[in-house]
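Notes to accompany the following structure.
Order as written gives the chain letters A, B, C, D, E, F and G; numbering starts at 1 within each chain.
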């Protein structure tokens, strides 16, 4: 299920909301069955809409609340 | 059990309450055994009743408190 | 164990206390080994004794503190 | 281990301390390997020593800090 | 590992620190692979050094931070 | 997935954000399937940009929010 | 991975940071796959740099954030 949506999002920009309020945006490079994600050109999106660059990133799945694939 | 109710809700609007208080509404597109959900035309419902659009969405099951299928 | 009590409660009203303080009441329609519950005619019982209707509901087992079956 | 102590407590009054501070007392009717308990004539024991009746009760094991079997 | 230390502590007084700050002391009667413990003549040790008796006790392992076996 | 990125980062400096806000930087020496990491020449990076040395370090995977491999 | 570093630290002093802020120092006597540790001559290191002796100690792995082996 999630696999299908994540699969279709490979190479595209996804938006990720983490527990604790952090929001990350980046190009999805890979994922596994724990919903661990690897992103490229990732950035943290702050509440004021600005973002700071994080580069390549591994996000542990258990911190994730939700993932928005790009609009199709 | 949950499978049956979720199965009958496929393609319909469900309301999801998350830990931490967020409420999400969207058309259920899929789910798995962890209760990970994929939604379309999802929106976050704020306390004042307004909502902001989230588009397609994967919600990790472990953040979910409860799911309301549409009234039958 | 829990299975027996839950089994005997099928089709009857149960009271559910959730982590965080929410109290839910509803007719038990089903359950699984994670104590995920499906309820019908569910309602959230507020501290002042009033309740607001939630309709059909799936409650994820890991949010549950305790379940009171109906008095026999 | 726990099985032996719980086994010897079947049909007797046990005292249960839950995460978050709740204290429950009731007649132990059953338990499983997750330490889920089923109690009869359960009551919540308040800090002032008073108690309010809960009747039959399933307590999810993952909320339990400790269980006191009856004095032998 | 833990098994060896706990094994050598059977029948002896152990001190247990729990998540949330509670400290329990009691004679170790048994343990299992989840580090669930059964204690006899257990008592809760308060911050002022006083203690109140808890009798026989099952402590769920997932609440435990550390266990001090008796000095050898 | 994560394995590939971590594999390519062996022997290089990674930046690790932990639950609770700690930030750790160090040379990645190894990792396992739980995302437990072993680091050398690790240091804790404080909010003011200063860092204090921690030397060799094992970080338990379940504390990790995200890992930034070095820019390629 | 962690096994190798922990293996090399057997019989040596390690520093352990726990969730919630506690810092423990002691001679590593053993460990298992859950990162449960057994320590000898353990002591809790307070923020003011002083320490109070804890003797022999079992630390449950799931409370551990990180472990510093001795400088080699």
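As a working rule, a residue touches a chain if its C-beta (ideal position, glycine included) is under 8 Å from a C-beta of that chain, and two chains touch if they have at least 3 such contacts.
Worth saying up front: this structure is predicted, and the values here are computed from it rather than measured.
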>> On the document's contact criterion, could you list the chains that touch subunit C and likewise touch subunit D?
In response: none
> Moving only between chains that touch, what is the shortest number of steps from subunit A to subunit F?
Replying inline: 1
>> I'd like the Å distance between the centres of subunit E and subunit G, where a centre is the mean of that chain's Cα atoms.
In response: 19
>> Suppose each chain is reduced to the average of its Cα coordinates; what separation in Å results between subunit C and subunit F?
In response: 43
> What whole-number Å value describes the gap between the mean CA coordinates of subunit E and subunit F?
Replying inline: 34
> Considering subunit B alone, which of its residues make contact with at least two other chains?
Replying inline: 62
>> For a quick check of the interface rule, what order do the chains take around the ring, beginning at subunit C and passing next to subunit D?
In response: C, D, E, G, F, A, B
> Taking the complex as given, what residues does subunit E use to touch subunit D?
Replying inline: 18, 20, 22, 24, 29-32, 36-38, 54-60, 62-63
>> Looking at the complex, which residues from subunit G come into contact with subunit F?
In response: 1-2, 4-6, 19, 35, 61-62, 64-69, 71-72
